[in-house]
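The two complexes that follow have chain A in common; it is paired with chain B in the first and with chain C in the second.
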Partner chain A sequence: MRDNSSMNLYLYQLKSLILKEYKEAFRDKRALLVALMMALLAPVAIVLMSKIMIEKLVDEPPVYVNFNGAEYAPKLIKYFADNNLLNLVDAPVDEKLIWQQRNIVMDIPQDYETDMAQGKPIKLYLRADFTDKAVGPPVRRINNAVRSYSLSIGYKRLLLRGVDVRLLNPLTLVEQDTAKPDATFILISMMLGIYLMLAAFMSGLSVAIDSSAGERERNVLEMLLCQPVSTLQIVLAKLIGASTISIIGVVLVLVLTSLSVGLVDLTKIGATFTLDIMTSLTLLLLLLPICFFASACQLFVAFQTKSFKEAQSTVSILIGIPAFIPFVVSMMDDRPQWLNWLPVAGQSMIIENIFKGVDVNWLAFLATSVVTIAITVTLVVVLAKKLRSEKVVMALS
Partner chain B sequence: MILPWKIIKLLVWVLFTVTLSLKFVAVSFASTVLTLENCHLGEIRAQVKCGKLDVPENYSKPNGTKISINFAVLPAIDNSEYKTPLMFLAGGPGQAAVELATALNRVFREVRKTRDIILVDQRGTGESSALACDLEAIDNVYSALSDALTPEEIKDCVAQFKGDVTQYNSENAIRDFDVIRAALGHEKINIYGGSYGTRAGLVFMRMFPESLDSVILDSVGPIEVPIGMFGQSGARSFNLLIENCKKSESCHKAFPDLAQEFQTVKARLGKEPITLDILHPRLGTPTQLVLDDSKFTGNLRFQLYGMRGRSMVPLVIHQAFLGNYQPLIGLMAQNEGEQMVYTGLLFNIVCNEDMPRLSAADKAIDANNDFDGKNSHQAWDMVCPYFPEFRPNEAFYQSVTADIPTLILSGDLDPVTPPSNGEFSAKSLPNSHHIIVENASHTVALTTCANEIVNEFLTSKLPKKLDESCLKDIPQETFMTSVNGVQ
Partner chain C sequence: MIEVNNLHKYFHDKKGKNTVKALDGLSFTAKDGEITGILGPNGAGKTTCLRTLYGLLSADEGFVTIDGITVTEKPLAARAKLGIFPDKFGLYERLTAYEQIDYFASLHGLSGKTKKDAIAQVIDDLDLGKLAHRKTVGFSQGQRMKVTLAQALVHQPQNFVLDEPTRGLDVMSTRILREHLAKFKAKGHCILFSSHVMQEVAALCDRVIIVANGKLAAQGTPQELCDLAGEANLEDAFVKLIGTDEGVAA
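Presenting the complex of A and B:
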């Protein structure tokens, strides 16, 4: 009976402490919004980046070339036009100036037609400032067009001489991609993976610093410690307060991204990206321990520092972890087994697999979650112990 | 941890996929025989899905012999909004749809963005118990004449077929297609039929109209017109080519007497086949070219199917007139040694479903043309007597009148399925629209921008309200005028 009532008291106190932390965290709406800004910007960044990438990959905007001697090779000019390589004289007014400045010139020799009929090699001259970055892609396209047009004529010449034109392709390399058919656009999944990690680490950051180093400087911490509550309760309350904000950040990234990827036509590049409810829930479940882990790390470090300022700069370095570790992991070709167990590294590998469409390895999921939670618990317990010492509370050393 | 998660997953699955669960039932019903796994197909870079399904060889004996039907699914790139898939019905008869995956993946890339594309090897082709035999591999296309086949060879070939060949007919093929539709869990599908695939499509419309959302018939072989009589249609296509050459300034200048030159060469070769010592176009070793008039016109006929081939025909004729057969040899070399159709199935279907309906008078009318006379009948006359006999019932020959949105496409220059064929179907199908593409030949959606119209039609299902403007941009046919290139 007594055990039960003391337990109730313990929980009641914890609840009051958590409410206090929530009040603190949610009081300054603007600060909170800024803290969640990262999460809000993620989908915007993802959509913008994808749109730019897709445009680069598939769009072939018109290129205007200053042809000298277009009249000697009407069929070549027609072939160019079919590939959106057009004559400068036909450029619309608003684009004419730009292309006149780029000044890509092609000279077609006067005896093109007779040389073609007689089977003599013909030289076309392409003049431009090749160091100009804007000239690069058009030149590449002109090059490809000339090569394929030339080849198609060559093929016909041999065919009409009774040669089996398949002789010209002794080898064909057929690429077979073993990625799952429903594998997603790699850019989006990589960005989303990193954003999720960042959201987990960054959203709760200001709350964690404020409720530790901040409260110490405002002398609120002393007040708290004077109350008849244990230091473990105080740490737990602060942890829950900060990690709640992290979780909100992660949920926001997931929800907003799943809504906004619909705005990009990924099918243009033969890819797709859907963040369905199952995947979102799996990701959220995977990242929950990370949210607590991040807040625990931040609280731990912030309490070790001497001032609010120092806490800010030191904890900011911690943000490097979520950005850096997944990057390193994705660069590694041979991944040692123990990486599976490490917090952040383990999760980011599972996230990568989820986006690749590989079935989730629930054992690895469980393992990395357990390790992450274990480290979090250790941090909390050690921190609670440390808070009993005046050194930490008063920032003496 | 693992088990409850699976239960949650299952619950969520059930909650969010009420509509899909219906399909689940269908799959599990057939799951004892359906396999579907990731695979690589042709030259497609990404993985697609390949499957097999066991079906009765004879549908009136469901517990009798089973045959395995091979199929593939090119999965929709974005399947988030489920759209009914497109099944491709191959031509021939005798083409294996799965073998065409590489090209179809390219042609139907817009369709595939949001729809699965289903390819089924018709029974008797590809990996669906192909009706094939050694006869397919004619060693030397250059020295062999087209009538070199002996009755013994044909009998040997037929003897090699396994199973009850009379079951390898159009109606059973359609039953297979519909079983695969159901097994894949689709309540309805769209079908695209090209060439003979349109005949298959029409049979599909008659037998299982409730399975079809919409139909595209490209280069129609209607029930009303027996397959195999290509004399008149070939001559029409060839004469259009001659007219177009006349209209083209450069072609007319280079070949002012094209029609006359063609008749001269034909008569010359008809009098006596020529034999020339040549270098084998692929091997580079000495061999012989034996050429008679029917081999000459047969190879030209083959060029009439596509715009690229047509562009070379005037030049090939003119050079042959001058005594230079190298251009013709080059044309023959293009597909030498490649198997285009499974000839066993081709003959099995045409000899039994189409040829018996033709009278001697019909054949005489068809043979009365100035292009290749009765040469297009030659193969049937030679082979059909040796093939096992079956006869479809009378219902098979009734005009199809299903009220399904149908888009009909014809190329005006087509040597085998002229626009008049499409008119038969346009008349009998109430919800259809017939588009005749002026500057295109056989199977227009596979060779022109008509595939965009097909894509639009699959979405709107309104055959009469489609944007056909891109067809106007297809250029008039142009011709090569010199052996050194286009100009």
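Presenting the complex of A and C:
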């Protein structure tokens, strides 16, 4: 019974401590906004970057062709235009000169229409300097356009004569690309991975510093240390306060990114990845221990610095961890087994796999989470012990 | 009741070459129903002594008991018996005065109606009503003092330790504090407070402890100390008893 009531007191004190950390954190609106800025910017950056890359990779720039006799085949010209193959006369001024120099000419015969109506073969002539490298891709596109237009007319003719067009395709080649996803896509997903790590590390940063080094500088820590609460309760409350903010940061990145990824069509660059609810939840679950780990590291360092300023600069160095480790890991060809277990490294490898569409290795997931939590617990216990030391007390004055 | 027994405390610098003797066998007792004053020049070891009493520092030798509880053995139980007004105090500037008092009341385990009543009582006692629901960010020194006092008093501690509580208080607030301390004394609480203001100590304290060089230099009622030193007022007695006038001006 007595144990029960002392346990209740312990929890009641902890609740009061946590409540106060929340009040302070959420009332510091400006610091909170700065802390979450990162999370708010992430989706914008990702969408912009993807858009630029997709445009570069997928978009077919207009090709201007000098059509002779365009008036004889309006439907063909329309088909060309749909494929961004345009008439040179319509070219904008700044591009006209280039296309005049490339001088791609297509001759459409005068009797195009009558020959078409009678089903006679029609010859279109394409003239250009085929050795010119800049001419190669446009010519290829014109070639493809003519072939597919021709085929579609051919199919329609056969259909009208009651022939199954499938007879024309006895063999079909299905291409399955086993190549790794597009390098640019990897870059985007890597960026999102690093962003998630950074959000976990950075969102709670200011709260962690403020509630440790900041409180000491404002002379409120001594009063707190004199109260009938254990240093473990104090550390736990501050840890929960700071990591809540960092969890909010991660959730924001996930929600905003999944909303904004819908705005760009990543499949155009061969991405199989969508940030659906299941993926988001998996990522969140994976990053939860990291949020606590990050806050524990920051509190651990900040509590041992001599001033708020020193805390700020020292803790900022910690930001290097989430940015640097995933980068190094992604560069490694031979990844040693133990990397799977390390905090940050383990998680970033799993994130990489999730983005590649590889099934999650739940054992590795569990292992890295357990190791991360174990290190966090160790940091908390050691910090609680350190707060009882005289060195910290002497630094109060 | 606070009993300080033969406290020794040394501070070493990093290389261990220089050792500062902060406390050198200090002993005294602050009894229930009395106001005990600690006097001492700067650097005499007052704050070190009080921090040992809060359980923040551990003595190299000797021990402190609060209501019979040895601080080093059960620091949390000992602190639960204490109300502390520390040497350096700050406020949580994003909280209102009420929330601060509420926070410390909760840390002492008060909850529900008991807590509400206790907070209302202390706010009323210290005349904090108008300030209670304002954030403490713009408070004057005196207002900050009052909130800190309220924080320390809200759980009605048996023992009350104040480190120079009247710094920056206006006359009215000082009077309120004195009345409050007198009321606590009448109820049988033990009050230990350090101060530099001799008149205050003389007027308020039942017993005065003079600390110099980490040792007990003299103790007794203000009158006894004056008699002991053969001086008419406490200030002169104090200077004579510590054997120097160093630090008195501080």
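Basically, the second predicted complex is superposed on the first by the 265 of 397 C-alpha atoms of A that agree within 3 Å, B and C clash if a C-alpha of one lies under 4 Å from a C-alpha of the other, contacts with A are read in each partner's own complex, and residues count from 1 in each chain.
Please note the rule applied: contacts are C-beta pairs under 8 Å (C-beta built on N, C-alpha and C of every residue); 3 or more make two chains touch, one makes a residue touch a chain.
Quick caveat: nothing in here was measured; it's all calculated off a predicted structure.
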item	value
Chain B versus chain C as contact partner of A:Lys75, first or second or both or neither	first
Chain B versus chain C as contact partner of A:Pro336, first or second or both or neither	neither
Partner chain in contact with A:Pro228 - chain B first, chain C second, else both or neither	second
First, second, both or neither for A:Lys156, with chain B first and chain C second	first
Which superposed partner A:Trp362 touches (first chain B, second chain C, both, neither)	first
First (chain B), second (chain C), both or neither touched by A:Pro170	neither
Chain touching more of chain A, residue-wise (chain B, chain C)	B
First, second, both or neither for A:Glu113, with chain B first and chain C second	first
Footprint of chain C on chain A - complex, ascending	9, 12-13, 15-17, 20, 23-24, 27-28, 215, 218-220, 222-223, 225-230, 390, 393-394, 396-397
Chain B residues touching chain A - in the complex, by the definition given at the top	1-2, 5, 9, 12-13, 16, 38, 40, 43, 45-49, 75, 77-80, 109, 113-114, 278-279, 281-282, 312, 315-316, 319, 325-331, 333-334, 336, 480, 482-487
Chain A residues touching chain B - in the complex, by the definition given at the top	73-75, 112-113, 116-119, 153, 156-167, 172, 174-182, 266-267, 270-272, 274, 277-278, 281, 362, 366
Residues of chain C touching chain A in the complex	11, 47, 51, 54-58, 76-77, 79-80, 82, 84, 86-95, 99, 103-104, 106-109, 111, 148, 151
